Amino acid sequence: MNNLNAIIESLLFASDTALTIDKIKSILETADRKAIREALTSLAKEYESAKRGFFLTEVAGGFQLRTRPEYRQWIRRLKESRPTRLSRAAMETLAIIAYKQPVLRSDVEYLRGVDSGGTLRTLLERRLIRVMGRKDLPGRPMIYGTTKQFLELFDLKDLNELPTLKDLKDLGETWPNVSR
Amino acid sequence: MEQIQDQAPYRVNLEEIFDGPMDLLVHLVKKNEVDIYDIPIALITQQYIEYLEWMKSLNIDVAGEFLVMAATLAHIKSRMMLPTRGEEGDEEDPRMEILRPLAEYLQLKYAAEDLMEKDRLDWDVFVRRDFDGTEAWPDEEPGNLIQVSLFELIDAFQEIIKRVSPEYSWDLTPDTISVKSRISQIADILEQRSSVTFQELFEAQATRGDIIVTFLAILEMAKLQLIRIMQHLESGIIRIFNE
Amino acid sequence: MNNLNAIIESLLFASDTALTIDKIKSILETADRKAIREALTSLAKEYESAKRGFFLTEVAGGFQLRTRPEYRQWIRRLKESRPTRLSRAAMETLAIIAYKQPVLRSDVEYLRGVDSGGTLRTLLERRLIRVMGRKDLPGRPMIYGTTKQFLELFDLKDLNELPTLKDLKDLGETWPNVSR
C-alpha cells in the first residue's frame, strides 16, 4: 500500500463523519485533488476485491468506511451486547440507595423530589438493587438495598469500600493544571 | 530556572515550578552533575536553601514541604560533620536518609517518562469512536451491561446533598457504612437460606469492632422488621429469620 | 480474505472498545478459540506487511484496531485534537500507583514529598486509577490501583508490560527531564 493510500485510510478509519475530498485536501495540505480521488478509488477497489470486513462508500458528499452489510447480524450482536450507560435518574437513585440503605421508596423520592417508581423498577430489573423487606406501615412499603451485582459493577469487595463524602473532601480540590 | 526569569507580578507557588521538594533536589543533583550515591551534601544543601531564598524574593510561595526538606538536608549536613562515635565504622552514612527516597523517586520518574514514550491513545494512535455520540467506555467486566464509575456515584450523591435542605442529616462515616455493609451481608445469607443462628453471624467475626458492627446491624434490621429473632425454648439457640 | 477473517475484521472495525477473544467467541457462537486467535494473528500480520493505515494491537486484555502512530500528525489535524496531556505531577503520581499498587495516598505522598490529594482526585475522575479497597488502619484509608483505561491509554496488554524499573547505577549520565 502506498503512503498516500495508507494515510487516507487512517483518516477514513479515525473519522466519525464522512470525509470530503476538500477536507482531506486541507488536512494533507496538498493541492492535488486528483491524487486524492485516485487514492480513494484504489482503496475502494481493494476493499471490494479482497472482500474486507468494511467497504468505502460515497455518502452525503463525502467518503466513509462502513462495515460490509453481509455481516450485519454479527455487528448487531456486538452492538447489542455493548454496555449501556445508566441514566442520570438511575445514578441518583442508585447513589441514594447505596448510601442510605436500607431505605424506603418514599425516602428516595423525598431526596430526589420526584416520583422514582420507574427508576426503581429499572434498577430492580438490572438486579442492582433488591427488596430487603417491607416496613410495617400502611401499605407495607418496600425497603430497598443494593445487591452483589452492585458490588461487582463498581468492583467493590463490600459496601465498606464505598467512598464516603469525607474521603472525597480529604482529597481536596481537583488539581487545576492537569495539562500544563 | 529559565522559566521564571520574567518576574511575574502575581504570586505563584513553588509547586508550579517544581512538583515538590524531591523534584527540586533532583534538579540540583542533576545541575551539579554529581553522583547521587555520593552527594556533596554541604553544596546541595546550600544551593537548596539559596533556591528557596531566591524564590521568596521573587514573591513565590514556598510550601511547607520544601522547608521540611531544607531542614532534613541541614540535619544530614550537621551529622556528616560530627565525628563518628564508634570505631567499628559500621555507622550508616547519614546521607542514606535522603538517598533512599531520592533513588526511589528518580526510578519512578524514569518510569513515568518511559510510559510517556508509549504510543498514547488519542495522541499517537486513535481508535474509531462510536457514531451515535455515546462515549465509549470499555468493559469493566464481561457480561456486565452497565458501566459507571464509583466517582459518578459519589457525584450523584453529592449533588443530591447540595439540593436537599442542609438540616437533613448525613451521618456517613466509615462506621455507619460498616453497619450498612453488614446488613447487606446478612441479607445475602438470608437470601440463600431462610434462617441463620445468632452464633453463626458472630463466629466469623474476629475483632471486637466487627462484633459490635454485627450487633448494630441485627438491631437495625430488627427495627426495620427485615428479620425476626426467635429463641428456641429448650436449647436457648437464637435464630434469625427472613421476615 | 477468508470469511472468518473478514467477519472478525468487521467486528474489530465496529467496536469502540478492545474485543476479547471470549467476546468474539460469544458473538460468533463458536467454540473455536484457536481459529479466532489464528484469524487475529493473520489480520495483524496482513496489516503490518501491507502497511495499512491502522494496525491491530493487544491491549488491556483484548484486541483493538488503532491508527498507525506514523500518521499521528494527520489524525491530530483531523481530530483537531488538543493533547489530553497529563501534567508532570499527574504522571509521577500515576507511575507511583502503577508500580506500587495497591498503594495508599500516604505512600504516594511519602515518595513525592507533597500533598497529592488533588492529583489523585483528578486521576480518579479521569478513571486512570480506582479505589481498590480500604486499609485496616485508623481512618480506613482508601487503597488505589490503576484501571483498564490506564492500560488502554498507554497501550499495555497488562501490568506485566509496564516498562521495567531502571537500575539507577546503570543510567550513567542520562537524567530524567526534571525541569521542563
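Read from first to last, the chains carry the letters A, B and C; within each, the first residue is number 1.
Methods note: a residue touches a chain if its C-beta (ideal position, glycine included) is under 8 Å from a C-beta of that chain, and two chains touch if they have at least 3 such contacts.
On a predicted model such as this, the values are computed, not experimentally measured, just so you know.
Engineer: Measuring from CA centroids, which chain ends up nearest the centre of the complete protein set?
Structural biologist: Smallest offset from the overall C-alpha mean is found for C.
Engineer: Could you tell me which chain lies farthest from subunit A when each chain's centre is the average position of its Cα atoms?
Structural biologist: With centres defined by C-alpha atoms, farthest from subunit A sits B.
Engineer: Distance between subunit B and subunit C based on Cα centroids, please, to the nearest Å.
Structural biologist: 21
Engineer: Hey, how far is the Cα centre of subunit A from the one of subunit B, in Å?
Structural biologist: One centre to the other, that is 28 Å.
Engineer: What residues in subunit B touch two or more of the other chains?
Structural biologist: In subunit B, 126-130, 137, 139-140, 149-150, 174 touch at least two other chains.
Engineer: Provide the list of subunit C residues touching at least two other chains, using ranges where the numbers run on.
Structural biologist: Touching at least two other chains: 13-14, 23, 65, 67-68, 75, 79, 83-84, 86, 88-89, 115, 124-125, 130-131, 134, 140.
Engineer: Which stretch or stretches of subunit A touch subunit C in the complex?
Structural biologist: 1, 5-15, 19, 27-28, 50-54, 65, 67-68, 71, 74-75, 77-79, 81, 155, 157, 160-161, 163, 167-168, 170-180
Engineer: Across the complex, what residues on subunit B touch subunit A?
Structural biologist: 16, 126-131, 134-135, 137, 139-141, 144-150, 152-154, 156-161, 163-164, 168, 170, 172-174, 177-178, 180-181, 183-185, 187-188, 220-221, 224-227, 242-243
Engineer: Looking at the complex, which residues from subunit C come into contact with subunit B?
Structural biologist: The touching residues are 13-14, 16-18, 20, 22-23, 57, 60, 64-69, 72, 75-76, 79, 81, 83-84, 86, 88-89, 91-92, 94-96, 98-99, 110-115, 124-125, 127, 130-131, 134, 139-140, 148-149, 152-156, 162-163, 165-166, 168-169, 171, 175-180.
Engineer: In the complex of these two chains, what residues of subunit C are touching subunit A?
Structural biologist: 1, 5-15, 23, 26-28, 50-54, 65, 67-68, 71, 74-75, 77-79, 83-90, 105, 115, 117-122, 124-126, 130-134, 140, 142
Engineer: List the residues on subunit B that touch subunit C in their complex, please.
Structural biologist: Touch list, subunit B to subunit C: 1, 3, 15, 17-23, 26-27, 30, 36-37, 63, 65, 69, 101, 103-116, 118-130, 136-140, 142, 149-151, 174.
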